[in-house]
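Would you mind keeping the following structure in view while I ask a few things?
Read from first to last, the chains carry the letters A, B and C; within each, the first residue is number 1.
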Amino acid sequence: MINLGGVTRLDRRAFLRVAGAATGAAAVGGIPEIVRAQKAPSFPKGTKLNILEWVSFVPASDVEFKRLAAEFGKLAGVDVTVDLINMNDLNPRIASAIETKSGPDIIMMISNWPHLYADGLADVDDLAEEIAKRDGAYYEHNKKVSVVGGSWKAVPLCSVPSTWAYREDWFKEAGASKFPDTWDEWRKVGIALKKKNQPMGQAFGHSLGDPNNWAYSVTWGFGGSEIDHSGKVIINSKETIEAVKFTVAAWKDCLDEGGLAWDDSSNNRAYLAGTISGTINGASIYFVAKRQFPDIAKVTGHGHMPKGPGGRFYNIGGQGRAVMKYSKNQQVAKEFLRWFMDRPQYDKWMAANDGYTVGPTPYWERHPLWEKDPKLIPFREASKFGRWPGYPGTPSRKASEALVKYILVDMYAQAIKGMKAEDAVKWAESELKKAYA
Amino acid sequence: MAVRYGSPLKRAVTFYIPLTVMVGATLFPFYWMVITSIRPDSELYNVKMNPFFTLHPTFKHFQDLFELTMFPQWAWNTLFIAVVSTGISLFCGLLAGYALARLQFRWAPSLGTVIFITYLVPPTLLFIPLGDVVKAFGIGDTPWAVILTYPTFLIPFCTWLLMGYFKTIPREIEDCARIDGASRIQAMVRISFPLAVPGILSAGIFAFTLSWNEFLYALVFLSSPQQKTIPIGVFTELVRGDVFYWGPLMAGALLGSIPVALVYSFFVEHYVTALTGAVKG
Amino acid sequence: MANQIEPILAKSATTGAPAIAAPVVVAVPQSRRPRGLGHFLEQEHILAGALLAPTLVILTLFIAYPFVLGIWLAVSDKVVGRPGNFVGLHNFWVNLNDTIFLRAFQNTFVYTFIATVLKLALGMGAALLLNHHFRFKRIVRAGMLLPWIVPTVLSTLAWQWMFDATFSVFNWTLMNVGLISQRILWLGDGTMAMGCLVLVNVWRGMPFFAITLLAGLQTVNPDLHEAAEIDGANAWQRFWRVTLPLIKPIMLVVVLFSMIATFADFQLIYVLTRGGPYSSTHVFGTYAYEIAMRAAKLGQGASISLFLFPFLLMIIVFQLWYIRRSD
């Protein structure tokens, strides 16, 4: 550890020197200069940089990312390679890379993974703070998941919020000219819609995204939470019980009852097939609709997660990029991240994502793409209400354990299946106590 | 086993109807994959439409598969990996099977059991420490990372199956050769091995199929796009977040299995007689 | 009988070896060959060592070390990126108090048992049918193998689409035939979802049974059947009394290998349900993966994985014992 600390400090000195040059160059707007300024001292010939990311839902995003990576490679004289695999299969790759101390130099971190893998990640304090100084403070959830024990373990990259995609035409027929603002109003519209055989849809199976979006947002919205600031389990509250009762009622009179069997992809398909009138999702439904089902895209709008007695909440972990501790190219890796997160590059990448991703700082709310398509505005705003797994505590590895056991999702699912709300919450309490032990 | 033909009606009830049901049940998911791979997306997402056929077949999904991914490269990787790891496993299994079945030495029974037990170790546990070994040999992200790790679960089966075959080959044949002046090794290579060809074939088909399908090791040990195998490549690149590219996924599944099935159809008669050999006394 | 059972039984390698073997080896004249490596290898234990060397080298290099490390993981509190401390059987104790684990425990046995029995029964039926002479026999036999060849992850995705709550082709058919008026949520209920998992597993594994048992059937001497028929045995009795005992050895080996594979199954469940809904379909494989990979608790995950080991060992020992007893 002492050795590693020494290396980090040494890196940091070199880093600061380089960073000074970089900020100077950035001021005159010459990105190539930035890289050139550091090229000679930092990167010996033949230096390699390997980056592992998820396969983005937006194919154009992958294309642009690879293009930018290659551009950096050319500018910095580094051999950059990018590997993309689907999100679910990143975990075994990361575990294997950290344990064998070999593999990619930069790996994408989703939600609270920096906490999970903190011991295998290099500190990136200077870089993360430098970006915040330039673009403004990060959104709370981006910061919470990236900072472990006081140091930045990942550079926040973006958020991929899920809002309500809904059929404006059907909602209008049901008497709602815009998406309902509170859960109560939401339920009233939902009842009217389901009567007309146009239910909304929500997954309650085991799947990483959608089921958790409901479980966490609704629990918080009604004023409940898994734990308090100190990590003590406080799920068994009348607020949570209310949230569960609300969900069970909504299941019966607002939602498509296929949801227990759904995974992340089911609501996309059901929505595009016109069997549901609304669902919580990323912008992917809308994008596919624009490409393949333009008639549906035309009548699709996006609405905010409704407010409950506890407020409005989104379950957003956010994404970041981490430099691996075992990497021999940490300096190059950091330079790449600095270069990528700089405005000219990030701007292009964000444009390629077309509203699917939201920048990590409020600065990017001003991106022109948001003016292009007003239907995507809720995504831009969602990050303000973003929370993390384990809120209001830290998104620790214990929060991960609660997530992988699907405790909150199953609490709702079991209640939907007929368990009494009080018993379901009690069950969740006992499971959470074990996870947070 | 001779099966005599009864009356047509009886034969229909006892044979053709069950056979049709069985073939139908086995192949229906394939029919489904075929249909999914040639239906346009607009029909795939239409619940009202009859899902069993399409009036607008398209090859777009196959085209997408080749344009969006490196499918031909993956197919080649998979083939190379499967052939070499099967070869290694057969070589080891053949020699070990022969030794365990034919040779007299103290540890034969316990070694047989130990080799079998390695088959029991769950891969979900092994791949983390196995990563160390792969790294130590410096073969990460090369085909050799899986070519050398697949035999860990292929060799036990091959050894056991071939051990069975060698026991079915009458020892006297070898003894005769030896009396005629052949050495121990000559007798083994020239007499016993050729007689075990059916067994080698059946063990080979088993090993080939397992390496063709393997997921976890390939996922962890092969990272760059140009090194991937079919299951990894198709699954990790065509499942994008919550959007599945159904058409290309199914096209990939079909292209990844039908050629193998065709090759097997040439072997299957051998395979059947081969396994037959295993139990003949 | 004895000859048929013996070949597939390692344990009988020594006990069942014909006594003439050793004297013959001694009697072989060796003077005509030059002394040296060839002569050296004439000694059985040395030849055996040479023949076993490649296998032992590969298994030692690639399994022995990981296996020992795996056991160490199970008794440590290792998490990704941190060195672990020895915690004894603590992880196992945690498992026994974990309701999801206990459910996974139960599911693993139910899944393995039902799937294996069905694969055996249906595979036997298929083998009996395929043993007839009929047109297109070769093509049907090859087609039967398809489910076994398609990469599991991909065929399971096809099944997922067929079980989909909105698009299920089964629901579409049943509704259009008029058998149901409400769609069936194939994966929406714990019991039903387990049923679906078993179904897909059987679909995938049955061909291996069918083809292997078919091979066994072809060894059955037709004369025995005719003799039994003359004695007045009906078709069922002939199958039960003549065919079954004859193919039992190969059947047991297939069952053995299939059971091990089913017990440790992971991919199929991981793709189809991920253990949901409400953790009702987890098995050891999937739960261990979630804990070890997604919660990064390698030690705890290993203890779930290794929970399998003693049971698998017991099954093997029992089966070997059983096969030997019927020898």
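Assume contacts are C-beta pairs under 8 Å (C-beta built on N, C-alpha and C of every residue); 3 or more make two chains touch, one makes a residue touch a chain.
As the structure is a computational prediction, the values presented were derived from the model and not from experiment.
Novice: Edges wherever two chains touch, nodes for the chains themselves; is that graph a line, a ring, a star, complete, or other here?
Specialist: It is complete, because no pair of chains fails to touch.
Novice: Write down the chain pair with more C-beta contact pairs when A-C is set against A-B.
Specialist: Of the two interfaces, A-C and A-B, more C-beta pairs touch across A-C.
Novice: Would you kindly tell me how far, in whole Å, the mean C-alpha position of subunit C lies from that of subunit B?
Specialist: Inter-chain centre distance comes to 14 Å.
Novice: Indicate the whole-number Å distance between the mean C-alpha point of subunit A and the mean C-alpha point of subunit B.
Specialist: 39
Novice: Quick one: which residues in subunit C touch 2 or more of the other chains?
Specialist: In subunit C, residues 166-167, 292, 298 touch at least two other chains, as defined above.
Novice: Which subunit A residues touch at least two other chains?
Specialist: Touching at least two other chains: 92, 95, 99, 269, 273, 275.
Novice: When you check subunit B against every other chain, which residues touch at least two of them?
Specialist: 47, 128, 132, 216, 235, 244
Novice: Where on subunit C does subunit B make contact in their complex?
Specialist: 1-4, 6-8, 10-11, 13-14, 17-18, 20-22, 24-25, 27-29, 32-33, 38, 41-42, 44-45, 47-49, 51-52, 54-56, 58-59, 61-63, 65-67, 69-70, 73, 122, 125-126, 129, 131-134, 138-155, 157-159, 161-162, 166-167, 169, 172, 203, 206-207, 211-212, 214-220, 222, 225, 243, 247, 249-250, 253, 257, 260, 264, 266-267, 284-285, 288-289, 292, 298, 301-302, 305-306, 308-309, 312-313, 316, 320
Novice: Quick check: in the complex, which residue numbers of subunit A touch subunit B?
Specialist: Touch list, subunit A to subunit B: 52, 54-57, 59, 81, 83-87, 89, 92-93, 95-96, 99-104, 209-210, 264-265, 267-269, 272-275, 281-282, 284, 288, 292-293.
Novice: For a test of understanding, state which residues of subunit C touch subunit A in their complex under the given definition.
Specialist: Subunit C reaches subunit A through residues 79-82, 94, 97-100, 163-167, 183, 185-189, 193, 273-279, 290-298.
Novice: Within their complex, state which residues of subunit B touch subunit C.
Specialist: Spelled out, the residues of subunit B in touch with subunit C are 1-3, 15, 18-19, 22-23, 25-27, 29-30, 32-33, 36, 47, 50-52, 88, 91-93, 95-96, 98-101, 103-106, 108-109, 111-113, 115-126, 128-130, 132-133, 148-149, 151-152, 155, 157, 159-160, 163-168, 171, 175, 178-179, 181, 183-185, 202, 209, 212-213, 215-216, 230-231, 234-235, 244, 246, 249-250, 252-253, 256-258, 260-262, 264-265, 268-269, 271-276, 278-281.
Novice: Mind listing the subunit A positions that touch subunit C in their complex?
Specialist: 91-92, 94-95, 98-99, 116-120, 204-207, 256-263, 266, 269-270, 273, 275, 397, 400-401, 403-406, 409-410, 413-414, 417, 431, 434
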